[in-house]
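Shared chain: chain A. Partners: chain B in the first complex, chain C in the second.
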Partner chain A sequence: MAEDGTIYYTNGLPVPDTPAPGEEPEFWKETDVVGKRTPRVDAYERVSGTAVYPSDIKLPNMIYGAILRCPHAHAKVKKVDAGRAEKMPGVRALITGDSPEAGGLKWKYRGYSGPLFDAHCRFEGEVVAAVAADTPYQAWDAVHAIDVEYDVLPHVVDHNLALTGKAPEVHDQGNLAGTDEYERGDVAGGFAEADVVLEQNYETGCQLHTPMELHGCVADWEGDRLTIWESSQGVYAVQSVLSGILGMPLSKVRVIGHYMGGGFGSKLWPGKYTVLAALMAKQAARPVKMILTREETFLCVGNRPPNTMRLKAGVKKDGTLTAFDFECIGPSGAYPGGGTEIVDWLVRDLYQCDNVRCLSRDVYIHAGTARPFRAPGHPQGSWALEQMMDDLAEKIGMDPIELRLKNIPSISQGRGIPYTRTGLKDCIERGAERFGWKDAVKRAREQNRSGSHIKRGVGMGACLWIVGGGGPPSTVVIKLFRDGSVNLNMGASDIGTGTKTIMAMVAAEELGVKPDVIQIEHADTGTTQYATPSGGSKTVPTEAPTVRNAAIDVKRQIIQMAAEDLGAPAVDLDYEGSEIVSMKDKSKRIQVTDVSGLKKRGVVIGVGYRGPNPKNKSVNPFAAQFCELEVNTKTGEMKILRFLGAHDSGRVMNRLTYDNQVFGGIVMGIGFGMTEFRQLDANQTGKLCNRNWHDYKLPTALDVPVDMESLPIEIDDPEANNTGAKGLGEPVTIPTASAIANALYMATGIRFTKAPVHPMEMRRRLSAGKEG
Partner chain B sequence: MRTIGAGAVSASLTGAAMVAESKPGPPEKILDATDTVKLKLNINGVNYAVLVEPRWTLLFVLREAIGLTGTKEGCGRGECGACTVLIDDIPRYACMTLAVEAEGRRITTIEGLMTGEELGPVQKAFLEEDAFQCGYCTPGQVMAVEGLLRKTPEPSMDEIRTGVSGNLCRCGAYHHIFRAARKAAIRKTR
Partner chain C sequence: MLPQFSYVRPETLKDTVKHLNVPGAAAHAGGTDLIGCLRDGIMQVNKVVSLNALPDLHGIRETADGGLLIGAMTTITEVSESPLVRRKYPGLAQGASEVAGPQLRNQGTIGGNLCQKPRCWYYRGEFNCLRKGGDNCYALDGEHLFHAIFGHDRICVITHPSDTAPPLVALGAKVRIIGPEGKRTIPVANLHVSPADNVRAETVRKQGEVITHIELPRPPENLRSSYRKVRARRSWDFALAGVALALEMDGDRVNKSRVVLSGAAPVPWRSQPVENAISNRRLNAETIEKAARAVVEGADPLPGNMYKLDLFKGLIEEELYTVSRELR
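Then we have the complex of A and B:
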């Protein structure tokens, strides 16, 4: 598993230190702004259409790029003939593996480096050539006119076959990308102690990120300086990768990504397309806009790998878990991408169990490389663990909620250190109560006995998320202007989670101003501070404490200045709203905007650094989700009636965007559990069969319940950081599918161990049940 | 005309909300893909004269030729609704509409719902209810709701859900979108 220092969202990036922040401020007891339902500071831009996303950039003289990709799962490029394409109307730049610009350039995966244009194409969608032309139509005309001769080679795209010895080898060293073993306690002894031992195989489908804004960028050169507008979760990651590949100083690569239309992990890094855009922009001496097509985003910008899992579990009659034995295999894809990364974490950490063994094998196949996808590994592991918990409960005649509550660990067993706080118990208990668990179970059982073909089920799943505490590095600069307005400068991207708004609220809380007088500059390597990419649910717990420190730095300076005006020692002074007041003599007070030092200087600049996380403690968010649904046993149709998400992510920073995140995570989990899977043509061609949103189904407005509830379990966590906020964006999608599976079991009596459960699968299993 | 730089588009802003009377219909002869035709488009009450290739979609012309980038592209093939605009008040996928087909029609984009710098009622409801996350599907969602309310001023929850069911939101902001639609309906009818 990834150590915290090298967690996936910074994998392969050199991450700088931040200076120590100095004295940390006290934990907020009460807040005026933070926590309230606050519409986003950039909502106007987003709903009016004035927000400029990278795909909206249009520069003078700009041309459009398109990429020719290998149409085979496994092939060698023998010859590329671009002669015809070069002469086509509008074509301004063209690049292939033979072009001098491409010579020697290397593309890096985790711990693997290969040529930018690799003649050995190990997945459908590998880059073969690229064109830039006056219009995208012309660029595609030219792409289609490039003649390529391929040697088509045998492929393996089924991860379960990769290690059988019969499959073609993706890399010379074989198809095993990595093994991860873990053991604690005495597993055999644990099983011997158990009253009930169950073993089950599970499978989850490959989920594709497909964020709404297509992956892409605009690249523009001014002499030897390169500017990239990239739809990205982290501009500094893009800068680091680009400067590395092109051998340029960091200062000459400026990456801007103010708005971005979703990423979910697939935009933590740039793609080869970014490099190709830069190279062609240089060749043509014109800016190049390179936006992938939807189809390309299904092939080559990441996925949540499919996993095949086996879980054996032992339990005593009183509900004590005695042992877990977990095994998992999954594909990185063609290159290292984390095919089984942290799939086993919930088994290791979620429930009290002394004896645990986990074995994960990550394999290569001839398909697009995995990228982190919202809570990597966790929804998969949850699919196995949470269904197993329900089965164990049933076998020992215990309510599934009770079994979970019986096994709340007091420490993080996976790390062997305590949690700062754990809300697991409260999430389960209070969630169940709010959901009306007992009544709902009764109602479902009654309906199912009535003989109606509409069956009802309720189910739940609990989780934690491996990280979510954030941490250094982070630097934030706040400028307070003489009129009391504020400029906040940070490097982090707002990937749709409301980061900017929350930071404005934190600054407003401290400085006694309204959030809307705060102007935010962010996500620009040219003008804002270093930040790691927004991933791992770490942005709020990383940036919010830093913003607070920066605001406090501003306040410290203002108080010094006010001391002169008030003729009182600075130590006696403090902020009250937007005034500085003497604590000794409340009549001595001055409006911040009246402080003469500020008036004279015009601006006061405060700098904040992110302090370290607590030593030897683990900061994690926790959750439990509950679902009620109906199954039409004649048609196989399923209808989710309601969902409740009870989440402990520490302090709720903005209730409005908080709820939105919870609902959004549930929607994505519904996709993972019921509608989404990548279908590769394993036997014939190895190609992707469902490469668009007609064939690959995302949940629509008609697939999600109107009745959704978010129940924050707000537990003070002053040790986590000075705001007490923990990550939210990932836990919200972890237990959704398993809650659905457990509800389906109650409705039908069938264990659906293979995700997703779509109506066809439901129908198939219902019929099989009848025959059996 | 082989290029479409800024100079290739002459946008004529009449200012008056004039609806062109010309009848839509297929061109008489089949044109070469790279031939250009002169087109008048009425967008948000303003007439634009543009030179387009007949294969250009309305979406491409809006975004890249005219520069109205509020309308987004999510798939370019009628799957997601990010490109939704109103054509004669009916929500349409601009990526599935050729620009030449849109001549003589009344095209409304997200920019057209504004009164100057003021948000329209649907946009305001989206803002207040936080009916988006990344915001990339949002212009399309707003247009779908606007189209729904123009036809059905007091929609039921089922009508709202169906009304936006052609608009994917990968961030999953549906719940808040439903709320915003309901709020906008109440505001508009009041």
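Then we have the complex of A and C:
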């Protein structure tokens, strides 16, 4: 047990007032812990390798799973013969569509429900059979020994061809997965009013999720209870999917996901692999480890769908936007995956415009199903909208920044309700100032007149993110032990963003204890409370207020107990550092750790719930990013010189992890804008060409600028939630690529409407001229 | 997953050759390419013969006539950082420093670099293409953004992946080979095989043959060598287009030249048209413009890699202007 006093950091300084029961806590004015640069609470474990990720799990008698996947973009399985494989050394479980274990099991994803083993394989990578054996090598040898007869069928993998009528049908009901229409105002009238009307087509590439840790799990049965260690963004989501598919009570499915090596949206749900691991673990009566190979993850765990877009926009000479008409098509993949989901949101919501029409058509193709990818839809929509804004500005002779500032909406037009706060204007204005926009433009123009073949450009893009306010449900439990140390228990996953650290900081702030005496238990459906998956940039705004509420619940109970010790009514008491003090008579005071109720019980348990979001208001993060770059017009090589991200995500909870999100988001945006694209062999086999980290090109350290700056635009937002924090993890990657495109335009005079703009595309367009 | 294979680590060249002189045996130098090939099932290998225990194959030393002898097992990093190489053949040091990324340069060897398999994504993927023993080239009618514009004869359109081979060819280097039939020394320029000659082989090595050393001749007076590489991203990537120059200068005149392209053809591609355009000429704007036009003479681009034409033009122009600026 710790010595008295060493646990508290406050040394008599105030800790936040404890609200009376039933009262909401006040918005923090000043903070002692929250907002500071705080290294991750688990940094040592992560860096030293002692952190145990699902990939590291080793259980006694554990065996290894491997999956046989359909090698064709479109085929029917005629026959599976596993006779040879079954007899191979080490094989302890084998499952195919014919196995009784698979009988009647349905795979469910986003409203789709179909057999776990579907003989009609609609994408390369569909599951055909699975094996578990004593070693991974034996498992793979057995997989290769399974003989499958396929009927190979014609495919369509180009979403632009899916609806032409010439393409084979992915599903019986056709290739249209869904249509989404939106309209407000009078679009035709808006265009009639405009002084300038522009129309342009845009295209973005398919970006693959490539988190450092592969997708996978370990499954283990103890009687009728299943335990899964899954590399996941949300253990409760895994629990609910598995219990649904296997027909088990939630209480019997324990999912643990303490550490995980990234997901970016692709690990919001489990995969068929999770179900197969559970089934084979039962067959073999041994724990099964099923970690996919990198090649498999490139095929079947999701993607940011490619989008083909058309945007028509009208503007008056004074910069008033009069109309947007947006159309978009994109592929869900083989099954519903949100091929065009919220691609149009920025057109609907970002800039003031009364007349807007959007039409999105989501289609099926014979390729892996899309999954949410960091800010789904938004970087694509931004690619169109932000380039169009620059074009409009140029046509009416206005600075692009000025045009944007002229069109800051006062309400969320897509919803018709106000934002709690909008930092859009500040992000653009203060970002531009800090970036030195005017000087940078001047410098670029001068260089471009100099005759050098190295051209320079600066560009910017702004954005908001459709959600990012978080919300209920969430339950957090905080235990205060009799030595003053604290245990924080929450269901949410820390997907590498630093969630645990921020929650420890919130608890520390509220209780006055040092963050490092807080032990966190999290992401375990067996021992922690229900939480939604970490995604949508909602983890901090969801969990942080809940943690705060739980801490306040602890404080209220301690005060109640201290009232007995001090012989003073609880309403007169509050925290002062590590003591409870009577406000009426300051001589009445007692150390928290001396409170007899606490000493007797050994622990006080506080429970916090996430309260509701403000009624009829929208909570959104905003941002603007700025970039400066150079283009070698002889070779097409490009070099990004610097980037600045000005982000309004409400209160900065931890400046260190905040900046990391900004830098990481920019890096990913550079990948989307300049290096990454899924290449399918569309005209021959429909198969994936680039299925490794060399052919699928993520940006390397040398492709991103050393000079990256994060400029927090911190605006108090007490209405958002009791911490004032909004989401950050997704807006950071939304306007990156469009800022690059706008800079490339300044450098070359060419509009790059097709992403990514790699040196091949740059060289092609330099040769083809402006129209290309 | 890797297939099953046996592993030997002979200590003499004689034993090495003996072990390698059976079908299904492969030499293992740094393993950076070999292991990937085995994992992807590109070649059928049942015996891996390590070259690591062989004495004599490591290191760089100066020869009596003022040239260099580089052991085949010398790492790419050693080559790129060697003061000797940097002083005498900066083009080779640059080529080596442009290979892959630091980890691969530390592990990969120069011998392995010359013998590596192509990087065509069909070849490395699950496609039984012509080079792997199948009937057709998928890249020709398929996705060939990164493929060759020269020397492919529309048979197989790989580009040779090595960044050290072009400078070695430009510098007139030779490889020493030992095999079941004894020793031979051939120019690096003759090491690689065009698809028209044999689409299933990348080098002229026969079964059981290993490269032991690379010989560089004494650099001529006023030799100026360099290597410049353009790629889709700035590290860990093969050449979209590259050029190794070995120019013998006399003031601003180019007396003799060797110009070898990477990212261009199934073999390191010597560009005689560029050599002709600059040899015995002053390196002025007119010469450079001619050379840039000459570089694409005889090119046979495919619909998806037309961009390489202007890329090579731009590259030659930029490189030659760099040389001419240095002269001032």
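Methods note: the second predicted complex is superposed on the first by the 746 of 772 C-alpha atoms of A that agree within 3 Å, B and C clash if a C-alpha of one lies under 4 Å from a C-alpha of the other, contacts with A are read in each partner's own complex, and residues count from 1 in each chain.
We take it that a residue touches a chain if its C-beta (ideal position, glycine included) is under 8 Å from a C-beta of that chain, and two chains touch if they have at least 3 such contacts.
All values derive from a computational prediction rather than experimental measurement.
J.: Where does A:137 make contact in the superposed view: on chain B (first), on chain C (second), on both, or on neither?
T.: both
J.: Pick one for A:210: touches chain B only (first), chain C only (second), both, or neither.
T.: In the superposition, A:210 contacts chain B only.
J.: Based on the superposed arrangement, let me know which partner A:61 touches: chain B (first), chain C (second), both, or neither?
T.: In the superposed model, A:61 contacts chain B only, not chain C.
J.: In the overlaid three-chain picture, which partner chain does A:701 touch, first (chain B) or second (chain C), both, or neither?
T.: In the superposed model, A:701 contacts both chain B and chain C.
J.: Where does A:685 make contact in the superposed view: on chain B (first), on chain C (second), on both, or on neither?
T.: So A:685 only meets chain C here.
J.: Quick one: chain B or chain C, who's touching more of chain A?
T.: Between chain B and chain C, the winner on chain A residue contacts is B.
J.: Which partner chains sit in contact with A:588 here, chain B, chain C, both or neither? Use first/second/both/neither.
T.: neither
J.: Thinking of the overlay built on chain A, is A:495 touched by chain B (first), by chain C (second), by both, or by neither?
T.: first
J.: Quick one: classify A:758 as touching chain B (first), chain C (second), both or neither.
T.: Touch status of A:758: second partner only.
J.: Thinking of the overlay built on chain A, is A:252 touched by chain B (first), by chain C (second), by both, or by neither?
T.: neither
J.: Could you tell me which stretches of chain A are touched by chain B in one complex and by chain C in the other?
T.: After superposing on chain A, chain A residues 136-137, 141, 692, 694, 699-702 contact both chain B and chain C.
J.: Mind listing the chain B positions that touch chain A in their complex?
T.: 2-6, 33-34, 53, 55-56, 60, 63-64, 67-77, 79-80, 82, 109-111, 114, 119, 123-124, 126-128, 130, 132-139, 142, 157, 161-162, 164-165, 167-178
J.: How about chain A: which of its residues touch chain B in the complex?
T.: Touching chain B: residues 39-40, 43-53, 55-56, 58, 60-61, 89-90, 134-138, 141, 210-214, 259-262, 264, 291, 293-294, 495-498, 656-657, 659-661, 663-668, 692-694, 698-702, 704, 706, 708 of chain A.
J.: Of all residues in chain A, which touch chain C in the complex?
T.: Those in contact with chain C are residues 71, 136-137, 140-141, 453, 632-637, 675, 679, 681-685, 687-692, 694-695, 697, 699-703, 758-761, 763-764, 766-767.
J.: Within their complex, state which residues of chain C touch chain A.
T.: Touch residues, chain C against chain A: 1-2, 101, 119, 121-122, 124-127, 138, 141-143, 145, 230-237, 240-241, 306-311, 313-315, 317-318.
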